[in-house]
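One structure is given here, and the rest of the page talks about it.
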Amino acid sequence: MTVLDSKVPEGSLEAKWDKHKFDLKLVNPANKRKYSIIVVGTGLAGASAAASLAELGYKVQNFCFQDSPRRAHSIAAQGGINSAKNYPNDNDSIFRLFYDTIKGGDFRAREANVYRLAQVANNIIDQCVAQGVPFARDYGGLLDNRSFGGAQVSRTFYARGQTGQQLLLGAYSALSRQIGEGAVEMFNRREMLELAIIDGKARGIVCRNLVTGEIESYTADAVVLATGGYGNVFYLSTNAMNSNVTAAWRAAKRGAYFANPCFTQIHPTCIPISGDHQSKLTLMSESLRNDGRVWVPAKKGDTRPPAQIPENERDYYLERKYPSFGNLVPRDVASRNAKIVCDEGYGVGSTGQAVYLDFADAIKRMGKDVVAAKYGNLFDMYHHITDENPYEVPMKIYPAIHYTMGGLWVDYNLMSNIPGLFVLGEANFSDHGANRLGASALMQGLADGYFVIPYTIGGYFADAELANVTPDHKVLKGLEKEVTEKANKLLNIKGEKTVDDFHKQLGKIMWDKCGMARNAAGLKEAKEQIPKVRDEFWKNVKVPGNNGEFNQELEKAGRVADFLEFAEVMVIDALQREESCGGHFREEHQTEEGEAKRNDEEYAYVAAWEYKGVGEEPVLHKEPLTFENVKLTQRSYK
Amino acid sequence: MTWLWNFISSSIGKKLLMALSGLFFCSFLLVHMAGNMTIFIGPETFNAYTAIMSSASINKVLEVVMVLLFLVHIYTSATLTIENRAARPEKYAMDVSAGKRTFMSSNMFITGSIILIFVIVHLIGFKYGDWSAEPGATNTMYALLAETYASIFWTAVYVIAVIVLGFHLNHAFQSAFQTLGLNHKKYTPFIKKLGTLYSIVIALGFASFPVFFFVQQLSAGG
Amino acid sequence: MNLTLKIWRQANAQTKGKLVTYQISDISPDMSFLEMLDVLNQQIILKGEDPVAFDNDCREGICGMCSLYINGRAHGAQSEATVCLLHMRSFKDGDTITIEPWRAKAFPVIKDLVVDRSAFDRIIQAGGFVSAKTGAPQDANALPVAKRNADLSMDAAACIGCGACVASCKNASAMLFTSAKISQLALLPQGQAERDRRALAMVKTMDDAGFGNCTNEGECEAECPKAIKMTNIARLFREYYRASIVSEEM
């Protein structure tokens, strides 16, 4: 085990980023065009990075597996983006945003990173407005804010219930401009399948052209991964169907450390599962909790329709247990409490795995029109999916996997332990600790892409010695061969079960044993079961078609194969972390009131795992977390 | 002048040519119909009107303009239709309207083609027909009309043609305003209603002439 | 419920395709349409045949990836929703469902129901942006925007680029898509500096891509899953006239 160097600069918290920027060496404008950069992913982090780096003059190649960069899953974020602008004059500040974020993350994030995030958040809003992002405004024409996800100030900027879409389209438009100008070369429908490390540095990637099936190599002076999270390891999540861990995991297999994989976020307000056919879960923005009230019947197994349950026979359990935050407690707390009431038998709906989110009072107070203006598109979506009208009957909700705080380990420059491999957005582990606050993911993705990587990558280039590398380099040729062989191997198994069968099987293990609540016994079972599923997969999966064609099953097979390896590391991480923090709730470690109980003495560190081979125990590296500016407290939302 | 060519050869430029020439015909139709209304006053008034129309030199200029605009209207519609067909080389096996498409809107090229044929027949029959506006002539336009529409065949042809014209105008009128960029919450509902009213008035108005003559000879004969 | 599916199968862009009939049984009304296709594909795979390729990703109606022409309608018969939000409760036991890809010269078929919509990207690349480099622009609140304009801009910006407008237009015109982006930016002060260039460049790229022409019918508006209005097309016309006739842009 080594202790990882986060390269956090010296100095006071407030001065670190400015000082660091000054210390970073610059690349002369004329030299910038000599450097090439591969950016994988076109979500908020990827698109903003590709556009910003191209604007600086770097040669950028950008890759996405979708048919267009505009489709990346950032588009589905609904609620909003945080920034400490303090426009509403409610005593917000950069320090308060920093404090809320680090506390919300249950003190498992790096202070300096989180502070920088809070600092650049203001620039993000300015930048997005300049790009023409149509944020909500008041009648004076100024920007509107709302309070969101457990914050006691209104610092969230939003564009109806489609903030992620609008921010992504903003970044996509900046990227499109660079593509149009020839500064970014865009590769759609390409999936990264390998990372090439040459002379110890990340220098290229191997992709599959998803239309033709051709295996292609690309080289550059640095590789930036912005490939999102791994929530689909659970099979059912609010992630898009094609979101996957492959790019990050292949990097991990080439030596990048994977940090805190067990930190996964369960979102409290999702549409419950309707049956075995379920292919994904749909999130309803947690902004709904601003006006909706969460309740279950006070009597177990009460099957009366909600309207017939009188007020005094309802249990508004969040308001009862957390009088000061009420329905606005952080996501992990809200989720766990929903699970508790359902496990105790108070759940509603046909499966008993749901609680009510009721807007009757809000409609009475504000009128249907105001509610519709605020949440109309969410209500419509709910209505489409469930065939129930939320203006008339309370919504039914249940927690679901939504976001993954863990990711590839990066230092303060967002560079992994592999020189030249940078990781941005959800794909890295850096800013959310053990739990992410609402409206912070968009903030982090854009912060990384617009305002961090453009500076830090220059610092890397200024010092790095980079030999000329072309796609016919023997390392890339070797990787191409490996990738092709792996695909052929999958195609030739010709077994009895489909890729989805295995994915569902893995997902169930993960949700049951490594989901909302975990314990040592369950995790050990999972650790035994996963390799068995993996072995069976490689003996009995059926992947139709050929490699040299458009083959969606082959794409899925490769992704599930990686999930089957990655899941084991997640479980190992959850097992070693003998504490509860944020989204990682170990049943053995809870307070008398059932809240997460941290162990700061022993576990205030980042766990970064080094891959050692399939089925081999990964090696743990630690980055100790020191807190000089905040006092570690037990989170309380009472 | 490349800018002008680029503009009028663009998809929007062609639409604008369609709309402007179309609106010109809309106003022409109104004038034409109003003039023809003199039929109902009597043969003398109508024949006097035809004499003025065939002698005024301004009309010669207008005729040239009209022919040019007619060619523009036909040319752009043909080009647009060819391009539109080429834009979907493989047809849907099943295609259902979402509710906005109407018989009128989706058959503009067909109704337009029928109108074109009718216009040619109409010009041959009347404008270049056997009639005279000389004082004392017996082969007046009024007489020509009365003779033509004594036939149930020509009456039917004329009535059907103006109904087709009405269909064409129904979509064309409001469509032209949309093409000019005039779509506004406050005015567009009115324009749409006006377009429907206009197309009905034009169809009924023009249909009234042959029907008038046909009925007249029926009663005279009976 | 039991259904008969007639699905367009086409191996790749070069080969000719045809409708192939499949029977499927025990479909739950709570399934989404795409989940029904998942079930079909699982059965096809286990039979050792090639599953039906179709684009899909977020399955919550926002990414714009799904693109099926169902029983003659883009995204099926329901209004203001994409295919992924269409549920089987909209169908009856014994129904026959015809599923085709978007059909347009500018959207060539890649395989089965998957088409190439990169023409949309090229339209945006031509001018669907504000040239605001990453940096330190003025404070976000230094530029007030009338709420009405901000709301109209947001209405237009809601476009998900799915292509239903092109698919449902009898002329395969991309006018609604192009007008949505032009409107979003024309309604905001940020978009003013480049409005003439933008209109000229985006319309030119749209025309060159092989889309048909708009005949003001409004099927696009009726099928748009995000209810983008034809008033945007009228605004596009105004922007284009202004750019062509009034401005000095060439």
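Letters A, B and C mark the chains in the order given here, with residues in each chain numbered from 1 onward.
Quick note on the criterion: a residue touches a chain if its C-beta (ideal position, glycine included) is under 8 Å from a C-beta of that chain, and two chains touch if they have at least 3 such contacts.
It should be emphasised that the depicted structure is a prediction, and the values quoted were computed from it without experimental measurement.
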Both-way neighbours, i.e. chains that touch chain C and touch chain A: none
Chain whose average C-alpha position is farthest from chain A's own: B
Most centrally placed chain, judged by C-alpha centres: C
Cα-centroid distance, chain A relative to chain C, in whole angstrom: 27
Length of the line joining the C-alpha centres of chain A and chain B, rounded to whole Å: 63
Where chain B and chain C are represented by their mean Cα positions, the distance between them in whole Å: 37
In the complex, chain C residues that touch chain B: 6, 8, 19, 69, 71-74, 77, 79, 98, 100, 103-106, 168, 170-173, 175, 203-204, 206-207, 210-219, 221-223, 230-231, 233-238, 240-241, 244-245, 250
Of all residues in chain A, those that touch chain C in their complex: 48, 51-52, 55, 66-71, 73, 75-76, 85, 87, 123, 125-132, 134-143, 159-160, 162, 165-166, 169, 172-174, 176-177, 179-180, 186, 188, 211, 238, 240-242, 274-275, 277-280, 282-283, 380-381, 384-385, 387, 450-451, 454, 496, 498, 500, 542, 544-545, 549-550, 552-553
Residue ranges of chain C in contact with chain A within the complex: 11-12, 28, 30-32, 34-35, 38-39, 42, 44-46, 48-51, 53, 55-65, 78, 80-81, 85-87, 89, 110-111, 114, 116-118, 120-121, 124-141, 143-147, 150, 153-154, 157-158, 160-161, 184-185, 188, 190-191
Chain B - residues contacting chain C, complex: 2-3, 6-7, 10-16, 80, 83-84, 86-102, 105-106, 108, 171, 174-175, 178-185, 188
